[in-house]
Amino acid sequence: MMVSRGATRSPVIHEFEAVIVGAGGAGLWAALELARAGVRTAVLTKLYPTRSHTGAAQGGVCAALGNLEEDHWEWHMFDTVKGGDYLVDQDGAEVLAQEAIERVIELEQMGLPFNRTPDGRIDQRRFGGHTRNFGEGPVRRSCFAADRTGHMILQTLYQQCIKHEVTFFDEYHVVDLLVDDGLTGGVVAYRIADGELHVFRAAAVLLATGGNGRMFRVTSNAHTLTGDGMALAYRRGIPLQDMEFYQFHPTGIVGLGILLSEAARGEGGYLLNDQGERFMERYAPRLMELAPRDLVSRAIYMETRAGRGIGGQDFVYLDVRHLGREVIEAKLPDITDFARIYQGVEPLTQPVPIQPTAHYAMGGVPTDIEARVVVDDRGTVLPGLHAAGEAACVSVHGANRLGTNSLVDLLVFGRRAGRSMAEYCRSAAAPELVANAHEPVRAELDALRTRGVGENPNHIRAELAAAMMDDCGVFRTGDGLRRLVPRIRELKERYERARVQDAGSIFNTDLLEAHELGYLLDCAEATVASALAREESRGAHFREDHPERDDGDWLKHTLAYRAEGGPRLAYKPVTITRFEPKPRTY
Amino acid sequence: MQVDLRVLRYDPERDSKPYWAEYLVESGPMERVLDLLHRVKWEQDGTLTFRRSCAHGVCGSDAMLINGRNRLACKIRVDQLGRRISVAPLPGLPVVKDLVVDMEDFFAKYRSVRPYLVNEAPLPARERLQSPQARARYDDTTKCILCAACTTSCPSFWAQKSYVGPAAIVNAHRFVFDSRDEAAQERLEILADKDGVWRCRTVFNCTDACPRGINITQAILEVSAAIVERRI
Amino acid sequence: MMRYSRSGRPKPPGGGRETAVWYLMRLSGLALFVLALAHYLILHFVFDPADQDVDFITNERWNQLFWRAFDWTLLMMVLFHGFMGVRTIITDYAHRPRVRVASLTALYLLGALLFVLGTNVVMTLPMPGAP
Amino acid sequence: MLLRYRGGEGMIAWAFHRISGVAIWAFVLLHVVDIYLVGGNPELYDEVLKVYASFPGRILEVLLGAALLYHALNGLRIIIMDFWPPLTRYHRALWYGCWAIFIAVGLPVAYEIMAPVYGWPEFFR
């Protein structure tokens, strides 16, 4: 078989002050800050920046602008803390809610085309979980640009980066993080176009690689969301925090997982089971379909498990027919479009089959509120290394993220990451590169495409996604998770022996997808271990064998460290400043 | 049902020229071309190469020539195409491998129209005001996901690769008609060049191809009209 | 016009000539819509082509200043519109610089020749009915 | 690519426009020369005229008329859209409109031109 062309060649070396991995909302805002500060920065992304998954976000971005009715950042902060089932670090939530206002205004000034009120200000609408006066009733807090807020954020930030002449390395797949002697040294990237390895030496590195939803079979996440940044850190001895908290969105298109926004239920859509019942009355008699995401997802799962899914299968109906043509076409155009295109269902006359879909990782690389990566329970910072966006865990989302708060997270902590990196670069320089820093990962990549025979990694990925969906999804049990531990270990072992079919150098996506599977396996391992240990139910983490929240033992963050024979777990306290934990009722 | 999927393949490391490869793939009617490509890649031939990410028509990665038209593989269903499906890379751009084309020039053209808000006035403390009508003026062209389906469907572009192309004009339009922007004049100068809007011959392939339903030809003609207006 | 560049980048050159060509293509197109169609209809629909011998032209059709002027204007419009149109097509499909320059030169020479021939015949053909 | 791409009405409209434009242009070349002959070489001109008036000549003239009419109508369609861009939404309808006029005007004219050859009754004179 063909041997990698690069096998004996030395890699291309680039010198920068700062390197950003990922060009979604978080990475781009950080890049902008660094450009403004005059720091020589490289932005590496495995996709063209405008194709990052931030562009898929529809709902909006919350900020207590109070353009339409009274609102205060304290209220926003409270909603965030409560939504996160009190696992939120409140110093982070405070920053989030306060700075959301400045960031949204700054976005407008950068040119983001927000919808406008009749008097020309940014328009705002209601969104799940965002309330007036500490829970009294819904408030109009979500700023939006039609049904493509994320798209506009991504475009606007990329445009500003072009204006500020940010240096992009598009379609460079980062394959290793260089950390040496407790210092950040840069990254190793694989240039997709020709398969060359490039070493980027830099004092400061930002991991902004987004989520890892592809661990699950049914997900709203892009095929490319494979937890790269999380796994890169994990492999370098950095813990992953709160990985057991993974949000399932109740209404995804069956099989595909494509998201049908919360707006459908907000406008009054019903959820129906096989017998045509609005089954939510059994689970949340007061709020019905508008109960929080974690609760609704669980209810759907309960129905399908009890055999009341449509035709006994694993989905139920979302029914908007009674809303009438006008409401549907005016207010739910995206839903109607997706349903028509991807299911061939006409929502005006037919109910839409839906099922919960893996959506958002609350956990990730632990950071402080300056987006600096912290490696233990005492707040020890790893100098130079930063993380932001979905890949990071500040933790502002706690055990369950509120709708729209992810975009806020990108803006607020993406910017903070950029500032903190600029600050760091003023005093620190990149350490000398260890000789052949790229060798381990080169060996790994070469093995994947040159070892004699090996299993098709795609089968391993399919099995992983199915297993995670079954035993680490909306419902979890000790037994299921215990089953999953050896299962994942087995998949990892099989992965060590896998081989891709494409041995070439040019645009080898076969190789990269296999490499991404390695990232997913690491994320899954940490997720399962954390979930197995946490014997309580909180937010998105629901243990059937421990259905209650247990603040006495479990009001703490999980840290999962990579170790021989499975992750080692540690814990750190939750920062509580203003809001003492209370039972979470809506 | 079984679909006869033909893919125009080319691997510069192995092939001297592109060739049609045929695959028999099992498919449900509601599945999309992207699903078929994945099935081939994951089950039959891992060397089949294409770009994709979001899988629901919002990232712009997987525009390709499907049954003779540019579309997103993730947004076109098998039942809309029939049992014989042919897939080729976007026309008019250099092929890197199989369905992957070189997008550098496409993005360079996008950048050439200065696609960012320019407004040097001192910033107000709050948001700038913009009426809903002024906002609506450029709404259509904010939808672009830079998939390149339009530019590579344009006969003018096929003929002259130097043509800046509909996608870049769409993105210039988005700023030219934004009441907050101050560099409209500059963008119009760029587009009044010989490789700018004048190469458009109102063919409408771009508009037909746009997966976001943008009325691209209208945007182009509005830019043309704006240039003419300023000069006369 | 602005002297400096708002976006902080070099000031773009602009394309006055192409703009003018585009615009004049439309104007001459409109003119031709009247002139060319009228010309064709008169000479093919009202009169029969078979009757249009030299005699017909000198003694009837071009015996009036109006029709001479009409046809000459038509010719001028066609020379601009048709030749600029063909120029577009050449610049579209002739890629090699030499071929392009050669064909464009040939095109312009041809245009000049037609201008001379056409104008010559309009001006010099005796007009029996002239005062 | 032109042949491989399955363009819609707009692409066909453009292809016809381009082809008809070149065809008319080519005829204009010929026509200016033959008119020049009226002054330069009248005998030769009358010879040429016979060709025009012959049966194949008339067919060619009808084709020329068709090209001119199509080009004129579609050109007008383009100009209308140029100066009123929102009408691009109806570009297909406009194109079909062009064909309607094309047929309404073109058939009688073609009939009239061909009439002498067949000795058909001449309504219009």
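Every chain is named by a letter (A, B, C and D) in the order it is written, and numbering of its residues begins at 1.
Quick note on the criterion: a contact is a pair of C-beta atoms (placed from the backbone, for glycine too) under 8 Å apart; a residue touches a chain by one contact, two chains touch by 3 or more.
This one's a predicted model, so the numbers in the text were calculated from it and none came from an experiment.
Pairs B-D and C-D differ in how many C-beta pairs touch across them, and the larger number is found at C-D.
Centroids built from CA atoms put subunit D at 62 Å from subunit A. Averaged C-alpha coordinates put the centre of subunit B at 37 Å from the centre of subunit C. Chain centres here are Cα averages; for subunit C and subunit D they lie 16 Å apart. Looking at subunit D, residues 18, 78, 82-83 sit in touch with two or more other chains. Counting only residues that touch two or more partner chains, subunit B has 114, 116, 118, 224.
Looking at subunit A, residues 163 sit in touch with two or more other chains.
Chain pairs that touch one another, listed by label: A-B, B-C, B-D, C-D. Within the complex, the subunit B residues that touch subunit D are 65, 67-69, 88, 91-92, 153, 155, 158, 201-205, 207-208, 215, 217-219, 221-222, 224-225. Taken together, the subunit D residues at the contact with subunit C in this complex read 18, 21-22, 24-25, 28-29, 32-33, 35-36, 38-40, 42, 45-46, 49, 52-53, 57-58, 61, 64-65, 68-69, 72, 75-76, 78-79, 82-83, 109, 112-113, 116, 124.
Residues 11-14, 29-30, 32, 41-43, 45-47, 49-61, 75, 77, 79, 96-98, 100, 103, 107, 111, 114-119, 123, 126-132, 135, 138-139, 142-143, 145-146, 175, 178, 180-181 of subunit B touch subunit A in their complex.
Touching subunit B in their complex are the following residues of subunit D: 1-2, 4-11, 14, 18, 78, 81-83, 85-86, 88-89, 91. Note for the complex: subunit C touches subunit B at residues 1-2, 5-7, 9, 11-16, 18-19, 21-23, 91-93.
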